[in-house]
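Listed below are the structures to be examined.
Two complexes come next, and they have one chain in common, subunit A, joined by subunit B in the first and subunit C in the second.
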Partner chain A sequence: MEEEKKRQRGVRLCCLCNEQRASLKRPKTLEHICRDCFYRVFEDEIHDVILSNNLFSPGDRVAIGASGGKDSTVLAYVLSKLNKTHNYGLDLFLLSVDEGITGYRDDSLLTVHRNQIQYGLPLKVISYEELYGWTMDNIVKMIGLKNNCTFCGVFRRQALDRGAALLKVDKVVTGHNADDIAETVLLNILRGDIARLSRCTSIITGEDSPIPRCKPFKYTYEKEIVMYAYFKKLDYFSTECIYSPNAYRGFAREFIKDLERIRPRAILDIIQSGENFRISATTKMPEQGTCERCGYISSQKWCKACVLLDGLNRGLPKLGIGRSRGSIDGCKDRNEKNGGKSIESKQCGTLDF
Partner chain B sequence: MACNGDGCQSTCYKDEQPCSKPTESPNPSNNICIKCKLNDAVSGYGGVDDGRFCADCFRSNLFGKFRLAVTSNAMITPTDKVLVAFSGGPSSRVALQFVHDMQERAQKNFDASRDRSLPVFGVGVVFIDESAILSIPSGEMEEAVEVISSVVSSLAPPTKELHIVPIENVYSSDSSDGKEKLIKLVGSVSDPTGREDMLLYLRMLALQKVASEFGYNRLVLGSCVSRIASHVISATVKGQGYSLPADIQYVDARWEIPIVLPLRDCFAQEINMFCHLDGLKTFRLSTGPCSTINSLVSSFVALLQEENPSRESTIVRTAGKLIPFQFNRIPEIVDGKVPLATRRRQKRYNLKPNDSVSSESFCLLCNSPLDKSEIVDASNADNSRSSDIFYSACCSSCHFQILPSDSISMEQFYMDLPQSVLSRAKQANNGNLSLLR
Partner chain C sequence: MAEIFMFLYSGGLELLCDSKKIHNVNVEQQNGEDKLIMKDLLSWVRTNLIKERPEMFMKGDTVRPGVLVLVNDCDWELSGQLSTTLEDKDVVVFISTLHGG
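The block that comes next holds the complex of A and B.
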């Protein structure tokens, strides 16, 4: 009776606990739930993902790739919380990469420094300058705003691995969320990148390398991460990179948002499809070797970072941009040609790594 | 030919043309066909070849793609009787035209040959009238039927039988309430995308029924690259990554009558251009606008294709690297009764025994092969209702977007299903039991 009355007055109860007033519509399931239940299901789902995929073992030293953005901030918060409540026995660290972008990264690093104190996690910042002798500011000064994201992306990946090695951690976790992974699956189909298509949905990558990476947010919706950060009033940084202000909006990203509007489950379905693809054994896959110069994993003689760096140092920054073989003028930048709108969105780690 | 690759297409030919042959071309902005080097090239058919061929070379190029697909996959052999599914749209219109051209050539060869050992394959045309479940403005369907009849009758002999079949034909002819059941069945699907897909499965059932009743042994669909690219993306979005490769091959023999897709390498723009050049009459029935996953995906793929003319073929090529199933080829005739003519004509040079997956279980509704995780053990379901058994033997995508979730509505849904679906379900069940024993 009482419930009936409440409904008549327009008050909806949380459909999970049936006690409190529902205060939000959960993006993943469209259930009306209360805030406490939202926190609970959000954290429980991540906990289940960690357990069912054996992401960690007790005593692991784990570095959280922290950019100061929403994904990595929520990841640091949730992971340290779960570590305490469920006794994972992990040693957590924050690992940040300083690309040397004035007005963007210096500000976001301040956020990470605050997070270090808020969550009591030790922080290591590794900079492009100390690793490569170049900051992104200097690179952009030299090559302009074209292809700069290629340098940044290639350097960041390696910087994260080197920082992790310095911290002597067993694993690196990144804040890639379900939307990111669904987008990657689609992009790899659109680009014809069969090698990446076959591995982009694995929750742990590089298991044979010394430091595997994992994505505890593989099944977590971006909308829910934003919601969680908002309700918990977490301290995060949400400005776009000054060198690629429009990189965030891509065809594929918009498409996924449109799909989510019609059918929230679509994001999970895309990931499931990605997991179920069976790729023909006769398909040529690039061989994995090591870079002759720095020893980093590479499918070529030199790793991409060394090629790019070599170009920078020799004053030939176009070296290594575009298709590997073939003349430089043959490969026009597709982004440029189409007025800056590209099919992909997160070429630059505006949010995380 | 030096400039075959798409990379240099824009630079070498167009740049050198005005200076080398400035007088021959009346219009300097117009190019000469790179194949015959005689006629002016036409443009507007998209893809990487746009603006490179003249109308004749374009036609023969498109027909060449069709014929290569047909011969290298043993789609049509002289003793076959093929049924072309014609919707009135450009793709199926071109499929019909090409099948007709091929038959006409075969007829000429037959008339000219002395021993007449190679018979001419038979062709029929089928149109499924879906007005029972789609809201098509009155008068439009009559007009459509008129157009179809005139198209088919205007094709040169041998004459082609035309079957115009209402979709409610999927119910056996002795049950008079077929149409009502059908409307109820489709109406009970609440998800708009699910309803669209349900209609697709029903249409396939209707096509199969016609093909089987009139003794056809191939069903030709006009699916083109663009259509297949959209299917790849929408199947991915619906979580059908496992079964996806089954739908996009040249041949799909999981049905009683094998389906063949001879236009799998042709682009929609090419097909439209062909219809335009040859004045082929096509039509599109107006159905209400709907916001479904399928329509969202097609507009997304169209947008990408605009941005990059090879995007659709990249999508299809990527999906082509996924392992197909064993039924994705024309089954070999094993006993010794292979007609001599068939043996003589079978060019199976492309049918190398590449790796494929064998799948024994299929979704009872959409007939897609089931992933291991989707196959449920039916042995402990002895005392449950047949509608529940049916439910558990469907794929997860059908569970989500088509089947009702509560048991009572599911029973009603089950009651309204056409007999052919139910008999397939029974067969599958018996098959499972005999496997257990």
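The block that comes next holds the complex of A and C.
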């Protein structure tokens, strides 16, 4: 009777094991697969990506950038599982940034605290308040809801690096998935940001951060991450940031999702297009140096975080927002020396590359 | 008429629907058809449940891209999406992937 009911509804058997009832359609391959086969192929593919890109070496200390959201929660779960089953020999840590957003980050940090116990991984939380003397709540009080994502994005990037330095890790991994990367490729094309376009598809980025960052989910679809978290009943936090209307990125995201509905391969194809962009050798790229004020990596005299922080502390928060950085004398000279416009772009949400 | 259990997971979908994550709803098939399908459920949700910003949840007569749907814990892409038939006591789960990470 039960068997008959299932057949009536047209649900087929898993095309891999031919035994169990299929539970999802894989966007990457359009295969109909059951839960157990899904867990296996999902984990195996990530393992293959890790091996074929030499993401880790035995003995590496690795920090997982953990926000409590679905991607980083699944990443922490899968990576600690693979580390055990395949003997990677990694020392894993959870690293969370507390932006100081009441009603959002405090709640999601509770999730990370639970993950610490669930997965047995040590947790380090680093806050904007201790690093910069400002919480996002205070920044928003001062500047309002416009451009606040710029502050948050710039500060988070440095905060992760500084937290990673405190943990003395060799690498930081983040939960950026295939959908995120396709979206970033599109955004960088729309913004004409050649410097970021050329590196946003790299699975390991090192040159613009003191500690290399990698994205083991580069080829993993968001749908599969969400399904994995749902089927495994992983404990994750899912509320939108209260300060993030996220308009510009939101359009790109929606466009990617529309494409995916028509042809799911489109996501991988966009990533591949991003990888295959070749930048003419005569294009002026910003030179990497270090910030004169804090020593962080920067193509300008001061790094973006110091420019923003200086503006906040002087009560002129508009400094450093937007494309031209002519407002600070030293930066202006340096800009001109480097051959013109700064290739800075606005960053928004949690997806700064 | 069938009683359907609906779960709204994550991404703030529940905020559009009385801030409740779990809904037990009684839905009738439309146009005198003998089977209830997902399309009927969605149009019922749109008319009766969504209090604000329907565009966060729906696009045209279906869910907006990026919202995953499971019927009895099975991806609705396997069961015919809008034409998936529903029976009494079925469980439908909606998961938005559009933000949070």
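Quick note on the criterion: the second predicted complex is superposed on the first by the 304 of 353 C-alpha atoms of A that agree within 3 Å, B and C clash if a C-alpha of one lies under 4 Å from a C-alpha of the other, contacts with A are read in each partner's own complex, and residues count from 1 in each chain.
By our rule, contacts are C-beta pairs under 8 Å (C-beta built on N, C-alpha and C of every residue); 3 or more make two chains touch, one makes a residue touch a chain.
All of these numbers come straight from a predicted model, not from anything done at the bench.
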Partner chain in contact with A:258 - subunit B first, subunit C second, else both or neither: both
Partner chain in contact with A:237 - subunit B first, subunit C second, else both or neither: second
Which of subunit B and subunit C A:107 touches, first, second, both or neither: neither
First, second, both or neither for A:19, with subunit B first and subunit C second: neither
Contacts of A:180 with subunit B and subunit C, given as first, second, both or neither: second
Touching partner for A:130 - first (subunit B), second (subunit C), both, neither: neither
Touched partner set for A:48, first subunit B, second subunit C, both or neither: neither
First, second, both or neither for A:276, with subunit B first and subunit C second: first
Common ground on subunit A, meaning residues reached by subunit C in one complex and by subunit B in the other: 258
Of all residues in subunit B, those that touch subunit A in their complex: 7-8, 191, 193, 232-233, 235-242, 244-245, 291-293, 296, 300, 303-304, 307-308, 311, 314-315, 317-319, 321-323, 354-355, 357, 371, 397, 400
Residues of subunit A touching subunit C in the complex: 8-12, 21-25, 32, 67, 69-72, 175, 179-180, 222-223, 226-227, 230-231, 236-241, 244, 246, 253-254, 257-258, 260-261, 350-351
Residues of subunit C defined as touching subunit A within the complex: 9-12, 64-66, 68, 70, 73-75, 77-80, 84-85, 93, 95-101
Subunit B-facing residues of subunit A, complex: 185-186, 188-194, 197, 251, 255, 258-259, 262-263, 265-266, 268-270, 272-283, 326, 330, 334, 338, 341, 343
